[in-house]
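Okay, structure first, notes after.
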Amino acid sequence: MTAHSGRHFLQIPGPTNVPDRVLRAMARPTIDHRGPEFAELARDLLRRLGPVFGTGGPVVVYPSSGTGAWEAALVNTLSPGDRVLAFDTGHFATLWRDMAEGLGLVVDLVPGDWRRGVDPAAVAERLAADRAHAVAAVLVVHNETSTGVTSRVPEIRAAIDDADHPALLLVDTISSLASIDYRHDAWGVDVTVGCSQKGLMLPPGLGFNAISQKALAAADTARLPRSYWDWAPILAANEGGHFPYTPPTNLLYGLREALLLLEEEGLSAVFARHDRHAEATRAAVRGWGLEVLCADEREYSSSLTAVLLGDGHDADKVRQIILDRFDMSLGTGLGRLAGRVFRIGHLGDLNDLTLAGTLAGVQLGLQLAGVAVDPGGLQAALDVLRAAHEDRTGDRGEESR
Amino acid sequence: MTAHSGRHFLQIPGPTNVPDRVLRAMARPTIDHRGPEFAELARDLLRRLGPVFGTGGPVVVYPSSGTGAWEAALVNTLSPGDRVLAFDTGHFATLWRDMAEGLGLVVDLVPGDWRRGVDPAAVAERLAADRAHAVAAVLVVHNETSTGVTSRVPEIRAAIDDADHPALLLVDTISSLASIDYRHDAWGVDVTVGCSQKGLMLPPGLGFNAISQKALAAADTARLPRSYWDWAPILAANEGGHFPYTPPTNLLYGLREALLLLEEEGLSAVFARHDRHAEATRAAVRGWGLEVLCADEREYSSSLTAVLLGDGHDADKVRQIILDRFDMSLGTGLGRLAGRVFRIGHLGDLNDLTLAGTLAGVQLGLQLAGVAVDPGGLQAALDVLRAAHEDRTGDRGEESR
Amino acid sequence: MTAHSGRHFLQIPGPTNVPDRVLRAMARPTIDHRGPEFAELARDLLRRLGPVFGTGGPVVVYPSSGTGAWEAALVNTLSPGDRVLAFDTGHFATLWRDMAEGLGLVVDLVPGDWRRGVDPAAVAERLAADRAHAVAAVLVVHNETSTGVTSRVPEIRAAIDDADHPALLLVDTISSLASIDYRHDAWGVDVTVGCSQKGLMLPPGLGFNAISQKALAAADTARLPRSYWDWAPILAANEGGHFPYTPPTNLLYGLREALLLLEEEGLSAVFARHDRHAEATRAAVRGWGLEVLCADEREYSSSLTAVLLGDGHDADKVRQIILDRFDMSLGTGLGRLAGRVFRIGHLGDLNDLTLAGTLAGVQLGLQLAGVAVDPGGLQAALDVLRAAHEDRTGDRGEESR
Amino acid sequence: MTAHSGRHFLQIPGPTNVPDRVLRAMARPTIDHRGPEFAELARDLLRRLGPVFGTGGPVVVYPSSGTGAWEAALVNTLSPGDRVLAFDTGHFATLWRDMAEGLGLVVDLVPGDWRRGVDPAAVAERLAADRAHAVAAVLVVHNETSTGVTSRVPEIRAAIDDADHPALLLVDTISSLASIDYRHDAWGVDVTVGCSQKGLMLPPGLGFNAISQKALAAADTARLPRSYWDWAPILAANEGGHFPYTPPTNLLYGLREALLLLEEEGLSAVFARHDRHAEATRAAVRGWGLEVLCADEREYSSSLTAVLLGDGHDADKVRQIILDRFDMSLGTGLGRLAGRVFRIGHLGDLNDLTLAGTLAGVQLGLQLAGVAVDPGGLQAALDVLRAAHEDRTGDRGEESR
């Protein structure tokens, strides 16, 4: 393997680049998880975590991947044989649905084409038809990591409310949390599923559930077996700054540091930055003459962009060339999109110049792979970035040619 | 809070002191978990992991605490209503048993006094009486972290074999793995449960299952619901150096470094070191005029020592004094032992002089707390350490007075 | 101050971006500098250091900045009142000359315009005229960090030889070492001055002298007072892997890691990478319609490029905008170039995509500052990079539009 | 070489154990030393540095070892042929004196036996005899690292004043700074020489000069050649938070963190801790039946203790055994003390339990080496530590036997 100089460009849609400050925070020696110093750490970070989910309610932290947090959302709120409404919006929506079935739930599936998010009208229609209120929960992936499509959760919530349906709303924010505007309380979500290695800028290893009062009540009667994922003992122990089993201390050190970073930048600035980078990326894609997978501009993802290659091109070959030549990792096409798309992650700890380098690498890689692209793509992205800076300050330079 | 100088003494029985090399390894930037560099890392560490468990078979790694690995052992091998044989040997044995019941299993409990391990004769008797082979599994905690008692797994295995009973043998090695001699294959264990933050010298966040062929076969028919913990997709993905969900990359960096450290020292040297430190610790306890909780010398733990205080003394008050004055964390008494014992962890990355400092701190703390102890305790421990070094080299100094 | 996301772009001509591996190596605990582990470290890195200077002779390592290594070169080889030949090629050449005068040497100065390097013909002429051999040493800055001009040392050597003059040749490689081809032995240099924070990819804190046999002999009679900088006790102690005073252990940890990185990439690949990045940078500058300060294409620097702004523009204002908006540091104009140039560092641990991000940031910053630039500059740089990759592999993609 | 578990015991009298917090601070990426972030760092740490020296005046920071700071003190204040008064108090006093001679100064040497510090009466006598005021400076090593003897600077100052002599007072605090009470201003010291790797808990690489107004005035007329060490350009640049040459940024990160640690503990608490540890160490030495090298109890060093071995024992053999068996580094006997003493460093980032482990290791090592020692030594040290804790809090436990 060629030795690479400089820093690897990790532009997959997660895990994302972990800031140096977070890596150094994680390198602190592990401490006694039953002692006073740990309790102070835990209480502090649980307090700071709520605002990131947009909730004043509890957030449970698991030593797990995001997949574990999916399972936690299901087993704490549902019982064997319960019916859930799910949507074929992408690879990860499929995996979550498969998990639900594997755990003994019955899935009502709304079909989809993987280029659009959850259709609020379909939610309305399905729930209106469910007069018996057999559907116990609606499963929505907020930002589908395999497609770069962001579902409109407030409209989905409205559709449930309009149908006057008591179903719980469970939302996966794995690749949107701390990158794209999200409001657990305001949007009436019952369980929000998140994880560490995306917008939170941490390594993998932490899963999250933000929990509404309605979901807490549902947990009292839910009968899917649960032990590790059980909210109750965790919430009880968290009161005192502790956990019922050994918490992943060093990842929690990192989490606190990442939360401080988010607070320093400000969540609204974080979201605006992701919006700007996503817009610049789409400008590049169109400038190259390629197509953004997401088919509805209301659903563009601000954390990643999936790019469709035309027939005759293997997206994985392009990715391989970019990895070999430019030491940059891009996301592969998953499931039915394999070989047809590649995904550019632009979430987490990222700035304009790293995005510019990223898009330069994609452009060069496409060219080296023999994909006919217009090199004006990168310039189109830079124009978006420049315009954002000019707007911000009222600067008006001489016109460049 | 007083500012402390020097390094904290983390002498609880886990999490243990994470070596600097491991902390630095964990501070590497996170990489693409679907790329070739990750696959190489994963295959390498899975290869190195087997010998630590004493197995040539598969070892599954979870992003979880050890509690999660307990659950994994149960849900992969058992079905609702299955009967398991468990033993009241301590706090963690109790928690595992409670988990089994919570997941819908039926527990046959052999009573105990928390000063002894699993009695092989009791195993023999119970299984011989189970002519219908209703017992599906035997749950043994190898080294009970709450009591400092190490059960004799080979004798338990022999008891099962003598009864010609088909029950699976599930063993928790959470606080013995990589500290105390253990042999998954040679001892005929079906599932070995381990975690990262004890003998493996890592922060918490990884759980392990080593799996026998018999356990793999049991998984084919086991019907407890499982998804996150399911061995099958993990084993399949591991073949290519990957995981079915995002693995905790930075902890895996640390794991590889920790495995290299164990290889450099050699497992037999690691075990001998733990034996020596445990013997020295018991010498100190007796020298002080106090009692080791473990009542059977065949079952002394080499990774921790629980010390019984006489009536009229609050062990937690002693611990608090030691924490405040000497910046050392000791283990608290758990469950029915609360207030009556404290626990000295001497496992993981530890050497003679740190043990000497630890025992000096315990001695000073006992004195400051008003516990009448003979200060010859520390010297008794040093005599053990000295003898070990003299044996090792044939050194013979002049007699010291 | 605005919170910045992502990684700072440190594109000054040193200190350069320190690779993560080097930073982690430096975070190792300090060890006994008189013990066997240190001796092994020191001998190993002294062995690996020679090839980087292109020498089989000794290299002395100082706890100092590069300025200290300048002083060391002078005080070890010269005596009060000695005459040295120096060249007005830039800010750092001026500082070195000033130091020589401050130490009691007499400087013969060859004037210059700060857009060209040392003229070998001038060397020839001056030395030919020095029939009395009054000139004891010739002071050359190989790569002038303030101007981005690289003097042609082999031709200077030839000029000295042609004049049959015994003067020592002292060369500053502070911003060329490990970035631009350099050969202490082959080019007949007597003392090579280097430091840690440029091509060696380390933080500041180490100075170096590579020393010829002729320079060693000169040290025997040189009478400038010296103590800290004295080669003799250092060379003697280095034999055993030690130093006469406490060495900067953690920087030496970093140095060893940096040397390993250079070996992994290979010095010729390192030089070729710097040449490519410099060529791409010049293509951008010209594409923007701006001027490279260096006036002679034989003397283009591969480690930095100084860019001349036309009248009416303040280079430091451009730099400030780029720092504020894009979190990138560029080099300021020094001495007589203040305000008229900015300098782009492209040395050390750098890759194509970071260079692309760098040049994108310069282009955007120039535009925001109101400098009329052609945005085709960045594309011109990318064309250079693409061509390099196509050459390397014979790839031939479809023509992009 | 045997693999060692646990943490190395670095108990030489410097470099000392660098706290994890400092190591992590040093692992931050290097920044532009001419930018605003650096200026803020520099101004902040220069402000915090003064109190550690006990001065409100300037402190100059060099990228150098302490040896460099020695040279700086001399070349900034003295002229060729100047006479200085020096004292034969140990190995480092000898080295400093040799340096002075090497730089062209004339040394008046007061003989000594390396078991006592500078005799204030001798100072008084010599200066009184110097009616011509030929002596330009008095060179005192505050804490002689080779012997563990601390000279009484206030009494020396008084002796100079009593003689009404204008000589400058230059004091080396290399192994006392931030460990032993020291007051540059109050004691009327003119130049205080310090470095990073002892009480300041940093790796080697920084040298310091604290400077009185009288010394600044002397610098105006001092004629020893100086460039790198010249105070003037450094003090000028420091005004703006900058340095005349590239500063060792990452060591400065560490310095700021170390200064914060000292502020958190409080300097008086730091000094009291060192006093306690030194007293405990001497109690151990006497308890073993060995002799402390320092012959005057008014001059006991609180940062290290040199231990005399009786005839027939090789101190370096003892050190080697301790290194091999217990992974602990102790200081060797230097100069005329070679083989006859070993030195225990108890300065920097140290706590009671690490000291206890250290003394246990020395005791075990002496025994393994065949030195007849009374094992009551360690207990005597613990008694000192216990008494300190009892005094501190009025605790009164039951009497232990």
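Note that the chains take the letters A, B, C and D in the order they are written out, and that residue 1 is the start of every chain.
The rule is short, and it goes like this: a residue touches a chain if its C-beta (ideal position, glycine included) is under 8 Å from a C-beta of that chain, and two chains touch if they have at least 3 such contacts.
All figures in this text were calculated on a predicted structure; none of them were measured in a lab.
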- Using each chain's Cα centroid, which is most distant from the centroid of chain C? B
- Query: Pick the pair with more C-beta contacts: A-D or B-D?
  - Reply: B-D
- Task: Could you tell me the distance, in whole angstrom, between the mean C-alpha positions of chain B and chain D?
- Result: 44
- Find the geometric centre of each of chain A and chain D from their Cα atoms only, then give the gap between the two centres in Å, rounded to an integer. 54
- Task: Pull out every residue in chain D that's touching 2 or more other chains.
- Result: 7, 17, 20, 24, 27-29
- Note on the structure: Residue positions on chain D within touch of chain B in the complex are 3-7, 9, 17, 19-20, 27, 261, 264-266, 269-270, 273, 289, 325-328, 349-358, 360-361, 363-364, 366-375, 378-379, 382, 385-386, 389-390, 395-401
- Message: Quick check on the complex: what are the chain A residues that touch chain B?
- Response: 7-8, 10, 12, 14-18, 23-24, 26-35, 63-68, 71, 80, 99, 102-104, 195, 197, 203-205, 224-228, 230, 244-251, 323, 329, 332
- Across the complex, what residues on chain A touch chain D? 20, 24, 27-29
